[in-house]
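Going by the order they are written in, the chains are A, B and C; count residues from 1 in each one.
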Amino acid sequence: MSDMTLRQWLLTDEPTSRRHARLASFYKGWLTLRSNSMAMVGLAILVALILTAIFAPIIAPHDPFVQDLSSRLLPIGAEEHLLGTDSLGRDILSRLIYGARITLYIVALVALIAPVAGLLVGTVAGYAGGWVDVILMRITDIFLAFPRLVLALAFVAALGAGIENAVLAISLTAWPPYARMARAETLTIRSTDYINAIRLQGAGPLRIITRHIWPLCISSLIVRVTLDMAGIILAAAGLGFLGLGAQPPSPEWGAMISEGRRFILDHWWVATVPGLAIFTVSLAFNLLGDGLRDALDPKDGGQ
Amino acid sequence: MTALVINDLNVWFGLVHDRVAAVKGACFSVEQGESFGLVGESGSGKSTILRALTGLVPQWSGTIEVEGEALSGAKRDRRFFRTVQMVFQDPYASLHPRHTVDQVLSETLHLHGLNNIDKRVTELLNDVGLGQRFRFRYPHQLSGGQRQRVAIARALAGEPDILLLDEPTSALDVSVQAEVLNLLTDLRTLRRLTFLMVSHDLPVIGHMCERLAVMRNGEIVEVMSSETLRLGNPSHEYSKQLLSASVAPNQ
Amino acid sequence: MNLLDIEDLWVRFPTRQGVFDAVRGVSFSLGRERLGIVGESGSGKSMTGRAILRLIRKPGIVEANYINLEGRDLLRLTEREMREVRGQQISMVMQDPKFSLNPVVTVGEQLMEAYLQHNSSPKARAQKMATEMLENVSIRDPERVMRAYPHEVSGGMGQRIMIAMMLIPNPKILIADEPTSALDVSVQRQVLNIMDGLVKERGMGLIFISHDLNLVSEFCDRVLIMYAGRIVEVCKADKLHQARHPYTQGLLNSLPRLDEKCTHLSVLTRDPSWSEAPSVRG
């Protein structure tokens, strides 16, 4: 099959099988996303980040943990140390590259826990209504009432410092907005005729929630998660900065800024370079999120 | 046997204090195989009767009997859904935007506990005049008339005896309306269906139904045969008004 | 002189499958008359109305040799000049009043704002004008309606308010896009009668876009029948029932009738040559 016919096959309005229909609608979403150049920039940065994390040992010029006190606090562009070295003489570029792994690890875990919890709570509350709704939503409100970082701090303080606990703490503080959003969407979806129609076929609440409401909530949830990623990275970095997230000598970006803080006036790059990395990745997630919003709109007819 | 008996039906929305009566003391019955119409303007409570019948509106009093069995509350059992099905007004809102035609029909057949799903989907699509080309399309790849055909196929999947039609063609163009109404007429003869049809359009009800009830502000003002309507002599003042507004002067 | 002359109007939308032509080379003129445009959904009738006011959003493209409003080509105007034209010279009434009125501002304030936008006069005078306009559209207690919010009035009342608002600047042309489709039958004629009276009284041109052939034949002088982006037939409104084009006949025949009983309605069989035939000048 040549490229041209494959494209036509994917863009057809008359799919011939379930798989074909799904692929075709996926392809149309991809085309919408691709036409948004800013989103593609975001996607490119994130793909680069993922590749960096995977191939860190090959790319990194130095071992991120090896200290060399004779060449400490070298400036940017120094020989053998492209982005300079930190206070213990460790290569900042290598630490950034290995730090990508930690950042991705945190992001992936939070993205798995928080939205799923929010989706469950929100759709159940929205569809069931009544006292179930009241109880679930008041719990959500309690979580929402705390400042995010303070609540995360309290959790980490209780559970002990470390990346896993930081992830858990961030997830626990991140799910309530998703629950709210999922509930709001469920309330609109619940009263539509297609839900009434499936109820008239005798479908139970479990089937309606999982098969009919979730697919419609998930797309806006994905968009929201991507947009929130920046905040999650920053929260993780914030915990790292406060010494409650990743522990030294782990090259977590927030912890790197924290270490560089002491030299920020004389040796600005030690704190600035990881700061720029956080900024770039956060921006990439935001750009991609904006693009996904258009591509995942269920009302979009692919026209 | 009488397919549907509705006696002194009251439906209301809201709680005790700000209770709004949507249907007040409606009485009518529909014989097996008959086609009965409910006509009225928006807010007259005609669709609410269908919703109370199917349990989509929980607050009602009076009696509703389906094939001799009285209903209560908003809970309906599996057997009810195999007897009574409904086609909704807006074909753009009654199909799940992320489900293909195939998914919609297969799931419905599965819920009714039927086997041979693949073959039945094929048959249903042929019955409503769509054919296999449409099987794997999403709703946004269908026109309004095609969507309404899918909705009719879904309603017929469980092989019901009674079909409730809530303004099934008011969102469609007149030429498409003619096609869908013809399809419904054919399916009614073929499957010996009983119709309870709601519409604001007097000519459509006159064409499709043998008897009809005119509703206004939640009350049935008159029940008549469509013959009476055609001859232009309804007895109630409001029915006369409605009739004169529906007939173009040069028709 | 004609109020409006349109020559070879095209409305195009680029899609992934290629360019979709919603309106394909339509030409017509409007005098001080009531012109009906009928057709099914997707026939391009609404797009024609919007294209005149240049309300087609990007990526849609409007092309025409000219759209002359009393000799002035609307396509050559800047967006700023166009804003003057919209409302001052050409007004538009949309299908659903619910979406055309601002829900958080009272009806009275919206009417007065519409008046003050085009006239610099004291508020008291604007108030008087607004009340008068409401009386013109047969609203019985205008004082109460002035204080009401849009959700507190019925659909028919809302549409009458919209008509009142659109007529305040005294435009030369009123474009009504399915103005009564969201209303009950008994209210429909009432609203149309009011609109009709005002248009006649002021000597305005009316473009009445609708899918309802009977309404159009009742309330217009001349009717354009559109199919697939082209005009297939032009006829006198009172002679619509003797229309010759098979499409028009098919549409008329597919309506259920109260005066005769039949088991099946006649169905329109579409001939591909209809969309290929050149657009008729109207």
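Simple rule for what comes next: a residue touches a chain if its C-beta (ideal position, glycine included) is under 8 Å from a C-beta of that chain, and two chains touch if they have at least 3 such contacts.
Since the model is a prediction, treat every value here as computed from it, not as a measurement.
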Overall pattern in which the protein chains touch one another (line/ring/star/complete/other): complete
Higher-contact pair (C-beta pairs counted), A-C versus B-C: B-C
From chain B, the most remote chain by mean C-alpha position: A
Whole-Å gap between the CA centroids of chain A and chain C: 49
Rounded Å distance, chain B centre to chain C centre (Cα mean): 32
For chain A, residues that touch 2 or more chains besides their own: 302
Complex interface listing, chain B residues touching chain A: 54, 56, 76, 78, 81, 85-86, 88-90, 93-98, 100, 102-103, 107-108, 111-112, 133-134, 136-138, 140-141, 151, 154, 157-158
Footprint of chain B on chain C - complex, ascending: 40-41, 155, 184-186, 188-189, 211, 213-215, 217-218, 238, 241, 250-251, 254-268
List of chain A residues in touch with chain C within their complex: 11, 28, 31, 302-303
Chain A - residues contacting chain B, complex: 13-18, 20-21, 25, 192-194, 196-203, 207, 211-212, 215-216, 298-302
Footprint of chain C on chain B - complex, ascending: 41-42, 144, 173-179, 181-182, 185, 200-204, 206-208, 229-230, 232, 241-243, 245-251
